[in-house]
Every structure is written in structure tokens, then in C-alpha cells.
Amino acid sequence: MRIKRLFGIGFLPVFLVLCIFLFLQSDFCPAQEVGEVDILEESSTPPPAAPTDVKAVDTPNDNGHSITVTWTLSVDDGAGLGNVVSYEVLRSDAPDGEFEVRGLAPAGEESFEDKGAKEKGDANYLPAGVDFYYKVRAKGDGLFSDSEVSAPAHAYGQWYHTGKTPVVVAVLAFSTFALVFITLARKGKKLYIRPLAGIEAVDEAIGRATEMGKPILYILGLGSADMIATIASFTILSRVAKKVADYQTQILIPCNDPINMAVAQETVRAAYLEAGRPDQYKEENIYYLTSMQFAYVAGVNGIMLREKPATNFYLGKFYAESLLLAETGSLAGSIQISGTDEIAQIPFFVAATDYTLIGEELYAASAYLGKEPILLGTLKGQDWGKAVVMIALILGALAATFNFQFFLNLFRIQL
Amino acid sequence: MRREVPLVLTAIVGLTMIVSHFIPPFNILKDLFEDWFFIIAAFAIYLGVLNLLRVNADKLYKKKPDAPFGLVVILGFLLITIPGLFFSGGRSFSDPGTPFYYLYIHVYYPLSATMFALLAFFVASASYRAFRARNVEATMLLVAAFILMLGRVPIGDWMTAWLPEGYRLGEWADWIMDFPQTAGQKAIMIGIALGVVSSALRVILGLERAYMGGE
Amino acid sequence: MSGEVVGVWIGAILTLGIFSFLYKDNPFYKFSEALFVGVSAGYWFVVTFWQYFLPKLIDNLALAYTVLAVEGRIDYHWVYILGGGLGILMLLRLFPSVGWLSRWSLAFIVGTTAGLQFTRYLESNGIIQVKGTILPLIVGGDLNTTIGNIVIVVGTFCGLIYFFFSKEHRGAFGGAARIGVWFLMITFGALFGYTVMSRMSLLIGRMDYLFSNWLHLIG
Amino acid sequence: MNQENMQEEKSFWEKLLAIDRRIIFLFIIVAIALPLFFKVSMRIPVTPVAEGTYQAIENLPAGSKVLASFDYDPGSMPELQPMAEAFFRHAFRNDLKVVIMGLWPQGPLQANIALEEVFQDEDVKAKNLQYGVDYVNLGFTAGNEVVIDRMGHSFEESYPRDGQGTPLSEIPLMRGVRNYDNVDLIFNLSAGYPGTQEWVQYAVDVFHVKLAAGNTAVQAPAMYPYVQTGQLSGVLGGMKGGAEYETLLGIPGRAVRYMFSQAIAHAVICLFIIIGNLAFFSMRKRRAS
């Protein structure tokens, strides 16, 4: 404890000085705009004809700060002289003002999105609500010609993204399912839940560790708290930790991410408290190893061979390290329960561990282990969601076979 | 304060993020929150590093049997951080030619690539242990793996050279990847989407709150 | 000996250290492992500092300060102070008496993730996948695609049945779930076999490093 | 007697099932390491997409200039380095001039590593190639696809000097090379972004230059559509693509050797699976009877 505090107090001022020093040393400079020089050459061949019908409008479904420019191709693009190489889009705040190049579109393109930054002070700032004028330059072989200047246009933000309606409908539908079944569960309606082998094995696995007097190893995966699989793993950890506290076994959690370490510490502490054994909680068993994938594996493999845990849990986000961990664990003779939503890694867990929670089962696990009716209600909601998807699947296949375009359009999402 | 503030904060931030998907002006918050996330992570790394150094310093201090290796961890850490922070040209620290780059190429990279390469051995031992035609399900897994393994190297095509073109092992492998594999993958993906939605909802509604700790 | 040659020797020795793990745990592996953990933690620390801490926090605040000093107005970038504040709350974990404040930062992170992934998964893993499964069951004149499309639609349908939690797998429903499991098993087998190739490539790459770059046994 | 025999046999299968995994590891090491020492030229079926890349280079007349962009890092070495070596062998054999560059910081270094290897060849040595005349390494420039676009106007804008600091105007090979109009082919080795896709979109589509590529196995299938439309002459996919290239070239090198290891290793794994299952079934049969 003393070492920890010493580190903490001594560290902060050192850290601040370090930051200031490093900042001064670093070459801070805002992004530089790179100008482009066009080489004009005297030539006997005529320049490509200018594009026509240049229009500028606000880009729909955004938060402002973007204008879309469209034009009709130059007659020399692909046909005529055929010497158009690209189009340059230029912008000015006055029709007769100075035009600056905003971007480039290859020949054959008929539109360009002039995307600006939304922060004042940024070199690329494009204010909303200010009128701009555009022209389009057809370029080829060092020669160019400009279109007429467009009518003014300004960018403005929209309050609803029209392309996302299917997502809104889905969000509302699934939230409703979940809420309805949570309410029903609160009222005491009994819900049937089919048994899952991986979940049933949890108690047995913890019991085995107690009998053998060996610790349990819990791996949260390679994800950080920015992944739902990791958060799902935290919720499972809280159930597992409570059982571990009940059985009075030790749980080891080497973490690959300091935030995961902090959350895991909070979770396990709370679980021990809930089990009525806060004195048994050992924070030093939940520690940071390293954030780099294979170094983390090397470290965990070492722990497995030296501590010989009775049971290993691998729940969360896993990548190529899945099999390295699972095979070493089986070498060390541990019972292993795994689960991930990373599809490419599920096969390795299926092959090398004793029980595997496949995809959605990982997300259902904490509800299964908690056995609280409210959480089970959300599972029932999930099933209703699946039923809707399956109906859509069948109807969709029929619609596609008989070419009912209307149905297909229901799923159109604009990104 | 200890329990309520975090729960309310989770709910507000979560709902804001959901809504920002449909309301373009909220995008600015999405970007901002993602930046904050990185900032928090950048601070958290100090927690992690201190924890690592403390655990290993403890090994030395208490003269545990693996104390020398604790020292190696600490020295390894200093070996790369000191040049990386002070002697590798500031922000261009990872450019070829800097000491940081040298350590990356000659220490970090070989270790990492070798650890990754151990997979080849474990793929073999896992196949031997697990690929048994115990029942129909296991047999299907086995057969699919077999076809893909042989179909991706020239052996597969030699073995089936007597078949007409278009029906050789390589083509079977492609067919399995294109159709049944796609179907299985889609089913898992859709299931995951529903699982994520339901888990996220439980977190935002505060039904799962264990990770917030006790009093 | 040039730096490059020394580097190859270091790399080769560490490579052997990791490989020795295949025989059994030994001091040589322990050394390589400890060095690896230390160096990689340091690597990540340095990268985080230069690529996240500095650009995301300090640069933004410096920009805000520059605007204030030069133009005398309060800039949007000052909001990054809040992000920095949440970061500092994390560091309070070092002091047990105020450590609970770090839960605010954790709550912020968990909330952001839950909200962001909610819509992201629903859109890209849900709706877009369903849309991709909407395939014509009969394609005139193309037997291969016809069979393939039927396989995809039936496989996805049965696979989803397997994932039902609140219904017993019995009767016709159980039969469909069983077919679903078959599809999942074929998927797993195929993905396993598919990956074997790239895993072997990695080992070949390492072996070649040892034999050519280090020992020069292979020309 | 009979009973004793049975017991012995039983224990054989049992032993086989519980085989120490170190024995399996040993087999894998041998299966991979041994073939590396043999110069076996395995017959490798060549796919049309790989042939496209080979033909694009093969069809260039002697003295043509090829711009080679190395867009990968050491992580993709096992897959892309054999292609790099085969490319240089091919180019020097056909007396092509090579301009090396990189959109990834480590790319041009990978090119140098490959060159060192290729210069060991007797045939290449005999040509007495000179830096600045037969090949040049421009180095790395930051800016991703913007670099590609700017080079369409002028190489000098993105690369005022080569990797060694010599101004381009003083390099004999670069005399008369202003932009893509003055090179005959772009060859790109890519492991992600920026890479082949960017070269197609910003160089081929805009400046109508010819492009051939080699990619990692993961990325290659995504490039097939470009080959189909002709925007890309061909693409080599992963280690197998490298082996195909070497086969076409008639100089079996690393990739063919690698492929031999790969095939043997796959066969060994399959053999182990078969043995495991034989043991499993004979055990079960015995138990049933």
C-alpha cells in the first residue's frame, strides 16, 4: 500500500513536468494547407471544353458544413477531343472573388462533395449558412477551361437523417420488445429458458477449483471498454466473481487494458461485497500486464504454466491469440470455458476448449447466470427480434424471387 | 453520489449516442466523445504502467523466486520508453532510423512474430485433439476443415486432378466458403446484433450495474 | 559488427527463446517473456503519449489557448478540458479515499460504448445482413447460384432458430435447430481450414528468418 | 496369450490418442523446415489473375521504366517479400528500369532488403547494375493518395530528392521522367491502406496508366473486380501468388520453397487428423465389443 501511495504522490508532479518538457520539445503546428501549382503551357492543341450546368446545393442528411456540387460532363470527356483528365472544383465567397481549389474528381464523375471542417479556426472551416459560389474546371494535359459560376448555395444541418428510417424502426421495435418482456417479468410471469451447456458448466468449474485448491483465471479478452463484448464480459465476471467469493476460491485477472483493469477491480470488489466477504477481496490479483496482443499472450501463458489454474474463462473479444491461450490452457490441464463474438475465432475455441458460448450466447450469459426475471425478460425480447428477422428473411426471399421491388426498398439504408 | 451519478451519466451518454445516429448535428458530440475516450485511455495507461512496475518491484522487494524476471520487465520497459520519449525525434518517433524504430524491429517485432507463429504448432495439436468424428456435427466440422485445408494448397488439386475442371477440391473449398459458410456466418452475425442491442439496453437502463462497484 | 547484424542476432535469440516454450517452460522463455511484456508495455506507453495524449488533449487545448491569446475569443476547443478532467479522475484511483470518483469516467466510457454500438450493430450486423440474405430462390439458367441462394436462405433461417433461448428445441423446431447447428459446424470447420494457411505462412516466415537472415544456411 | 496381445494392442491405440503434443510439434517443425532446404520446383497451378501481373511486366520492351510502389511493412514480409524479389529478378532480366517509392514508411526499406537479396544472383551481378541508371529508390513520402494524385502532375513535387538526398534532376534515370506519362507500368505491392485500391482510383482512373499488383492473401480477393474491368492488369494473392509468379518466371525462389513447406505442413496436419480418427474409432469399436 505504501509503495502504491509513494508512486502516486511522487508521480504526479514528475508527470506534469514531463508533459511540459515533451510538449515544448515536440513541434506543435496546426495542419498546413498545401497549395497546388498548375503549370500552364503554350500548346497548339485546344483545351478541353468546360463542364456545363454547374449546380451547388446543401449536402442532405448531415450537420451542415458540406455542399454538394454537380455538373454535366464536358463534351470532351470520353468523347470529342477526349482529353479531360480530371475536374477541379473551385469555391469563392463572391461570384467575382478569388476562387480556391476545393478538390479533385476524376474524369467521368459528375459530382463532388465539398466537405469542410466544422470548427472555427480549422484551416478547412466551412461555415453553415454562408453563401458560396462554385465553378468547375475541366483539366487535361496542362490545359484547362472553367465553367460558369454557379448560383450561390449554403450549407445547413438537418435535424433528421432520412436515410436511417429502417434503423429507427428497428431500434424502436427491439426496445419495445425488451421493455414489454421486462414489464411482464416484473409482474411475475414465468419465462422458460433453454439450458446452455457452457453456462451449466460454470458452477462445476468453480467447484472444481475449490476442491483442487487452485485459482481461477478470467481473461477479459483483447478488447477495451469500447466494445460491447468486453462489457458483456464484465457483467459475466460479476456473476462469476460472486460465486467465487461464495466458494472462497481465488480469481486471477491479468488485464490487457488499464481501463479494463479498473472496471474489473470495481466489479470483483462489488461481487465480494454482495457475497458478504469484502475482506477476502484481493486487489493485487487483478493487474495490468501489457496492451500488446502477443506480449499479453506470452504473459498469460506464463501464468497458466506456473499457477496451473483449475479453470480458465475466456470471455470477450478475442483475435488470433484465442488458440494460443486455449491450447496452453489445455496443456496446463485446466477446464476451459470460452465465448466470443469474433466469428473467425469461434472455431478455435470450439476445437480447443471444453465449452464455448457462440456469438449471441455470450451476450445472454450474464442473464442466464443472474437468473433475475428482469434480465431473462430481455432474452425473451431478443427471441422476438429473431422471429421478426426470420419472417423478414422468408418474405424477402419470396419478394426477390418474384421481384417485388417495394419490399426490398424497405431495407435501404443510407450510410 | 457514488452510485447514482455514474448510473445517470451512463444513461444520458448512452441515449445521446443512440440519438446522434439519426440527428446529424449530434455527430459533433460523437466525435468529441470518441476523442474524450482516447484522452481517458491515455491517462489510464499511467495507471496500468504504475501497476505493472509496482507488481514487478514487489517481486524484487520481497525476493520472490522470479525476482530476476521482474527486473527484466522493468528494464525492458525503460529500455524502450527512454529512447522513445526523449531521443527519437519527438512526434516522428516511429520513423525508420530512430532508436525507437531499431528496438521495434529487432526486439519487439521478432518476439511478436514468433509468438504469432506458435499458432502453427497449436493449430496442429488442436486439430489432432479435437477433430474426431464423434457425431454428425463433429463430422461436418471435420470434413469442412479438411476440404478447406487441402483445397487451398496445390495438393488438393493434384488429388482431384482426375475430376473435370470446376469440380476439383479447390472449387469445393470456394463453394463452401461462398454458400454454407456465408449462411452460418450471417446467422451468427444477426444473433450478435440482437445480443448487442439487448446488452446495451440493459446497461443504459441500469439493469446491469455490477461494474460500477459497491459503496 | 554493424547495428543491423547485432539486431538480427538479438532478434534470432529472442525468437529461439519464445520457441523454447514449445518444449516446456524454462528460464530462457521466462526471460523472453519478461522482456516482451516490459518492452511492449513501454512501446504502448510511448505510442499513447505521442499519438493520443499529445494530439487529442494538449494540441486541442493549445489551439484553444492560441485563439484566446490572438483573437481574444473563447473557442470550442476548450471543451477538451472536460475530457482531460475525466482522464484525471481516472488517476484518482491512486488515492483510495477519492478513488470512487474514477467511476464517473468509467460510466462515461461504458455509456458511450453502449450507445454507439447499439445502433452500429443493429445497422451493419442486423439490417444490412438481413438485406444481404434477400436473394432470389430461383435464378433462371444458373443452377449453381440457385442452389447456393437456397442454401444461404435456409442456412441463415435454421441458424437463427438454434439461437432461440426461450423455446425448447423439440419436434420440428428442434429439427430446424439441428440443421442450424450443422450449418454452424460447417462454418467453423471452413473458417478453421481457411486460417491454417496463413498460420503456416507465419511459421515459415520465422523459420526462414532463422535460416536465411541469421544463419545464412539458405541462399 | 491372446488376451495379453489384445492388451498390448489396446495400449498402442491409447498411447496414440494421448500422444505427447511435443511429438506433433516436432513433426510440424520438420515438415516446415526441411522443405526450405530443398530446391524443389513443385508444379503450381497458375491462376489467370496472377498471369495478368506476369504478362504486364513480361510484355514491356527492354529499357521501359517501371514505377514500383512498396506499400507494406515487415508484418507482411512472408507474403510480399518473395513477390518483391521475383519482381526485381524479372525486371532486371528483361532490362527494365525501376523507380522505387513507398507510401508506407517502411516500404522503401523492404525494397532495399529485396534488392540486396537479388544482387547475390550471378545473372544479376553480371549485368553490373548501377544506382541512378538502372534503378533508383525515391524513399517514402507522407500523404497517402494525395501523393499519388500529385505525382500525376510531377514526380518532383512529391519527391524533390531521392532517398539518399540527390536532387531528381541529377539522377540520369529520372531525366525525362516528369509524371506517369513517362513510365510504362506501375507495380504495387500492398498490405492495406494506402495501397492497390488507391493506385487504381487515383492513378489508373485519372491518369490512365497501367497497373499490376501483388497483395496479401486477405486483401487480394477484393481486387478481383478491378482485374475483371481491366483497371488492374493482374494481382498476385499471398504466398501462393508469389509462388505462381516465380513459376511463370521460371526462377523458383522463396515462395515456391515456402509453398512446398506449406503443402507438406497441411498434409501432415491432415495425416494427424486421420490417425487420430483411426485410433478413436478402433478404440470405440473395441469398447463396444
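Structural remarks
Note that the chains take the letters A, B, C and D in the order they are written out, and that residue 1 is the start of every chain.
Assume a contact is a pair of C-beta atoms (placed from the backbone, for glycine too) under 8 Å apart; a residue touches a chain by one contact, two chains touch by 3 or more.
Since the structure is predicted, the reported quantities are computational estimates derived from the model, not experimental observations.
Under the contact definition stated at the top, the chains bordering both chain A and chain B are C, D.
Which two chains touch most often is answered by the contact tally, and the pair is B-C. Seen from the C-alpha centroid of chain B, the farthest chain centroid is that of D.
Chain A and chain D have Cα centroids separated by 31 Å. Distance between chain B and chain D, defined via averaged C-alpha coordinates, is recorded as 26 Å. Centre-to-centre separation between chain A and chain C, using Cα means, comes to 10 Å. Chain centres here are Cα averages; for chain B and chain C they lie 3 Å apart.
The set of chain D residues touching two or more other chains comprises 21, 25, 28, 32, 262, 265-266, 269. Counting partners per residue, chain B has 18, 21, 37, 40-41, 44-50, 52, 66, 85, 90-91, 94, 105, 108-109, 111-113, 115-116, 118-121, 123, 125, 127, 129, 131, 141-142, 146, 149, 152-153, 185, 188-192, 194, 196-197, 199-201, 203, 211-213 as the residues that reach two or more other chains.
Looking at chain A, residues 4, 7-8, 11, 22, 26, 164, 167, 171, 174, 226, 228, 231, 259, 262-263, 266, 288-292, 294-295, 298, 306, 343, 346-348, 350-351, 358-361, 364, 379, 382, 386, 389 sit in touch with two or more other chains. Under the stated contact rule, the graph of chain-to-chain touches is complete, every pair of chains being in contact. Every residue of chain A that touches chain C in the complex is listed here, in rising order: 4-5, 7-8, 11-12, 19, 22-23, 26, 28, 30, 119-121, 164, 166-167, 170-171, 174, 191-194, 196, 225-228, 231, 259, 262-263, 266, 288-292, 294-296, 298-299, 301-302, 305-306, 343-344, 346-348, 350-351, 358-361, 364, 379-380, 382-383, 386, 389-390, 392-394, 396-401, 403, 408, 411-413. Of all residues in chain B, only 18, 21-28, 37, 40-41, 44-55, 57-58, 61, 66, 85, 90-91, 108, 111-112, 115-116, 118-119, 122-123, 125-127, 129-131, 141, 185, 188-192, 194-203, 207-208, 210-215 touch chain A in the complex they form.
Those residues of chain B lying in contact with chain C across their complex are 2, 5-7, 9-18, 20-21, 30, 32-50, 52, 66, 69-70, 72-81, 84-85, 90-91, 93-94, 100, 102-121, 123, 127, 136-138, 140-149, 151-153, 173, 175-194, 196-197, 199-201, 203-204, 211-213.
Here chain D touches chain A in the complex through residues 21, 146, 149-150, 152-154, 201-202, 205-207, going by the rule given at the top. Those residues of chain C that touch chain B in the complex are listed here as 3, 6-8, 10-12, 14-15, 18-19, 21-22, 30-50, 52-54, 56-57, 60, 79-80, 82-84, 86-88, 90-91, 93-94, 100, 103-112, 114-123, 125-126, 129-130, 132-133, 147-148, 151-160, 162-163, 180-197, 199-200, 202-203, 205-206, 209.
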